[in-house]
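Both of the next two complexes hold subunit A, though its partner changes from subunit B to subunit C.
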Partner chain A sequence: MSPTHIAAVIAVGAGLVVLALLPRYADAYYLSLAISLLQFTVLATAWGLFSGPTRYVSLATTAFFGVGAYIVAVLGEVLAWPLVLLIAAAIGALMAVIVGISTLRLSGLHFVIFTFGLAELVRQLVIWYEVNKTRVLGRYVFVDITQNDIFWQLLGLAVAVFAIGWLIARSRLGFALRIIGEDETVAKHCGINVTLAKVTLFAISAVFITLVGAIMAPRWTYIEPSIAFNPTISFQVVIMALLGGAHRLWGPAVGAIPLTLLFEFLSARFPATSTLIIGVVFLLIVYALPTGVAGLWERVSRRRAAAPPVQA
Partner chain B sequence: MVSSVTRLAAGLAAIAGVASLSAVEPVLAQSSVKIGYALSRTGPNAGGAAVTTLPNYEMWVKEVNAAGGLKLGDKRVPIEVVQYDDRSSAEEAAKALDRLITQDKVDFILPPWGTGLNLAVGPILNKAGYPHLASTAVTDRAPELAKRWPNSFWLLGTSSGASNTLVELLVKLRGEGKIGDTVAMVSVADGFGIDLSAAARPALTKANFKLVYDKTYPVGTQDLSPLVNEAKALNPDVFIAFSYPPDTLGITEQARIAGFNPKIFYTGVGTAFPLYKGKFGANTEGVMGIGGWSGDSAAIKDYLVRHKAASANGAEPDRWASAVTYASLQMLQQAIERVGKIDREAVIKDLQSGTFDTVIGKVKLENNLPTKHWWVGQWQGGDFYGVGPASNEGARTPIVPKPAWKAP
Partner chain C sequence: MTNAIFTGLMLGGMYALIAMGLTLQYGVARIMNLSYGEFLVAASFASYWLFTGWALNPLLGLAIVVPIGFGVSIVLYRFLLTPLVRRAATRDALEVDSLLATFGMMFIVQGIMLTMFGGAYFSYSFLSIPVTLFGETLALNRLVAFGLAVLFGLALYVALTRTRFGTAIRAVAVDPQAARLVAIDVTSMSAFAFALGGAMVAAAGVLVSMFLTFSASSGVIFTMKALMVVVMGGVGNLLGCLVAGLALGLSESLVATFVDPGLTLAVNFALFLGVLLVKPAGLFGRAQR
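The block that comes next holds the complex of A and B.
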């Protein structure tokens, strides 16, 4: 390891310690804001894990997020918390595998539409079950989880998603996925099991998204399908990842943090017009930064490298 | 590359332009009482909040400030409002309230609209020690919630209360020989419809009514004619629809077209809205629905006039949660003025134990819940009056059987 690497590791470690101590110093509002930041960082990074290399745009974020929240609503008061999270992760993975096997053979646009429909499908299934079987629609989440606990769990999850993303990028799987993203036919001819690779990654990404939903659920006390399966989350995550640049592991986080802060600033200062302004921001990002901040950064550094060295 | 940066900069400038158009709150005056709220200005809850909640909040603040403000001790202190849009999202509502409490440091908070959002903000208001006067939440867990969060007050009651009162009224009318015992019931597959139909089913069976038709339909169903026609074919004495505003209008319209005119025709949320009268006019006569108020009381008549005058477009309040919402503000005001200073703990105590003079009459809470609600109302002579429970002061005698539909 070079000294720069060691310095980077120390810096990251110190940063994490500072973050972990944040609930001791922050008041309820800043803690709330920090929870939002972590939530979207994990969601956007997990989204980018799959959609970055494969270039499939998934709008299923809210389907997995909502399932996670619902599992907490159903099991939260019955089972121990770690067990609930474990079950949430398992169900998220299972759902992703089923959905993945049946849809990842579809090409780009069909996949986008299917994932958008998936969120609605899951929502309707939950409603059907609650209406006809349990005969209650709203569920109450009274578990002993404080805001600090939510913050720490999300922080842990953020560390995990970056670690896993880093490992995948250096694995055979990561390499295979990059080839698939460039040209799927070529990848097949190279002997890559394209479906297996895509489904595996889709499941890993879905596990993280499901866990975020599960961890966030105790914040709301009351869950019903319209709260858990809110389609806005899917779109916010896509736009954050696109702003940052989904083809880099750190890209989605670079988009998630400023946009979360921007949304927060807008809702605080311009409560009446914030939705309108957010829409304009979405348009601008797609129009002005098609490859995101990461893409812009790469172009800038490439140009700098290509420029002739200045003569002394 | 340069062009994309330029484009981004131009766009940001445009945003700044749009943003600066929306007025920034005026600089705060000295010695004011800061009152904050986050309401759904956008999203699926926006309609309900715009009819029931916002006009009452604005009217109350206007009235209090016109009188010089809240009376604290021997001086009057004007109200200053801080408000946000929760975008109908539980997460946004939670964040907005955290912001109101720790950043804006407001003195009191008015609750959001709807059951889900009131529950979402419950723990936050409880932890920070703010009184929580939920006037638009209907939940069977109300007694339990009031115990869990002693600062919370659940003024609109429980869904089983709504269903049981309706069944009691039916039993009474059957005893008087005005109706038979066949009932057709439809309900919307969402929180409200499910809760109320789940409570009504056993209550009807226990009272020996025959439930000849029992169907649910998804939220947003456009074509309600099959439901109405199937119910009509069974020729029931009583038709109950636990419906939401769009379906309430749709079902009424279909019933009129099909000439389905049971002795009792009951529809859900929206029946008590001024919009309902606007659409059906004289055909509202005899239609029953959820809610109601003591339309004959002087206080309610006066409230109706003031509400119309205060709203920008002369909008009328709905005949159910609107008056309760306004009464909750009167209660808060009376509690604050009795305490005489910004002491939230003392205000909560006063709300728990005091008696309040409001537009819906004298209110005294028991275990943080009112003892009286209006659950069944009926359109009579162009206004929506409370008919059940019959023991409530000002209850009108229901018109049964319902008069025939007229051609529009």
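The block that comes next holds the complex of A and C.
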């Protein structure tokens, strides 16, 4: 380990300690803002885990998020909290494997279309079940979880998503995925089981998204399908990851922070036109920053390295 | 039973009509348009506005809305999408880029409609006269819309298969590189196909608005259905559009009548996945090289 590495590790550790102590000092408004920031950081990073290397655009974030929230609403009062989270993770993974196996063998386009409709499909199934079987459409979430608990759990999840992303990038799986992203035919000829690699990563990414939904559920106290399966979440996560640059692990987080603040500001100030403004922001990013902040940063630093020093 | 089949055929015809524009945009111009349904709803609103504000018959309104749809699409392609076409290194890259760009566009169009009309549902009453056909009662506006949809579909089919111009468009859909070699201007053909798709979606929006309630945020569902029909039928294939649209409509109305109306979307998806697992390129699509 070089001194810079050690310094980086110490800096990250110190930053985490400061963040963990935040609920003690921040007031309710800043705490809830911090929760939103962490939520979108985890969601965007988890999205980037799968969509970054493979370049398969997933529009299904809200489907997994909503399923996580619903599991808490159904099981939250019955089972212990860690058990609920475990079940949420398992169901999220199962759903991702089913969707992945049936669509990831096809072209990327079919995957996009299917994920585009997945949230709507799951929402319709939940409504059908609630109307026909349980005969209630909304549910109350009664669990003993405070805002502070939500914050700490999200912080733990954020650490986990970065750690796992870092580990994947250094594993055989990560290497295989980078080859798939470059050229899928080449990857097949190298003897990589393309479908297995993609489905595994999709499931890992989905577990994190489902867990975020589960952890965030106590914040609402009352949920119904239209709240839990809110399509704007899918959209916001994609735009955040794109702004930061999904091909780097730290990219989506870089995009998540400014955009969460922007969306928070817009929905408070201009509730009527916020959809329009968000769309314009999205287009600007697609046209001006196709590889995100991460891509821009790489280009700048490469240019600086290539340029000869002006004075010794 | 007869009623369910009738409803299914009507619904299927509507799906096929909606999907025809998208299959042109995606099959020829290679633009995966996620804002497609928003443009359809915009045309519905235009028709609503002409009918309630100016008392203009929606069938005459077609003559105004369709050319506007064509013009707006040309402008969009020239100024928003051509930079992406130039930038894209491969066809896959263009697909992802156009997908993201039109995803942003979807929110812009939706935002504009939300600020203009709010989130409420709209409808107007035009030709809602009961007609008895084969012992079943149907609304006249649905029948007229269905008849016009068939007419538009036929006209497009003949234009694409029987004219020199249409053949050029189909050549671009098959292979843009080879089309250049036989002196076809691929760029302007793509622009034209995209705009033709825009005209078709405008027509579909007007026809749909005659018998369906719509709101500023109901475009997504149209986009989804159109995408499913296009991919199921085989990209760029009009006959595939028709067959897939009818299959989707029939399965939906049969399930709604005999099983549960809450499960229509689930049936759509099951059909979609089932077809693609057997034939990944769609019913009438050719396998990719």
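In the analysis below, the second predicted complex is superposed on the first by the 301 of 312 C-alpha atoms of A that agree within 3 Å, B and C clash if a C-alpha of one lies under 4 Å from a C-alpha of the other, contacts with A are read in each partner's own complex, and residues count from 1 in each chain.
The rule we apply is simple: contacts are C-beta pairs under 8 Å (C-beta built on N, C-alpha and C of every residue); 3 or more make two chains touch, one makes a residue touch a chain.
Predicted model, so just to flag it, every value in this text is computed and none were measured.
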Subunit C versus subunit B on the shared subunit A, clash or fit after superposition: fit
More subunit A residues in contact - subunit B or subunit C: B
Subunit B versus subunit C as contact partner of A:Leu242, first or second or both or neither: second
Inter-chain angle, subunit B to subunit C through the CA centre of subunit A, in degrees rounded to a multiple of 10: 70
Which superposed partner A:Val300 touches (first subunit B, second subunit C, both, neither): first
Subunit B versus subunit C as contact partner of A:Arg55, first or second or both or neither: second
Partner chain in contact with A:Val131 - subunit B first, subunit C second, else both or neither: both
Which superposed partner A:Leu33 touches (first subunit B, second subunit C, both, neither): first
First, second, both or neither for A:Tyr287, with subunit B first and subunit C second: both
Touching partner for A:Thr275 - first (subunit B), second (subunit C), both, neither: both
Contacts of A:Ser171 with subunit B and subunit C, given as first, second, both or neither: neither
Which of subunit B and subunit C A:Gly117 touches, first, second, both or neither: second
Minimal inter-chain CA distance - subunit C and subunit B, angstrom: 5
Residues on subunit A lying within both footprints (that of subunit B and that of subunit C): 124, 127-128, 131-132, 272-277, 280, 287
Residue numbers on subunit C that touch subunit A, as the complex places them: 32, 34, 80, 83, 87, 92, 95-97, 99-101, 103-112, 114-115, 220-221, 223-224, 227-228, 231, 260, 262-266, 269, 272-273, 276-277, 280, 288
Subunit A to subunit B touching residues, read off their complex: 27-33, 36, 124, 127-128, 130-132, 135-138, 140, 142, 216, 219-222, 224, 226-227, 230, 232, 264, 266-277, 280-281, 284, 287-289, 296, 299-300, 303
Subunit A-facing residues of subunit B, complex: 1, 4-5, 7-8, 11-12, 14-15, 18-19, 21-22, 24, 41-42, 44, 83-85, 87, 89-92, 94-96, 98-99, 101-103, 115-116, 119-120, 122-124, 127-128, 139, 141, 148, 189-191, 194-195, 198, 216, 218
Residues on subunit A engaged by subunit C in the complex (per definition of touch): 55, 57, 102-103, 106-110, 112-114, 116-117, 120-121, 124-125, 127-128, 131-132, 231, 235, 238-239, 242, 272-280, 282-283, 286-287, 290
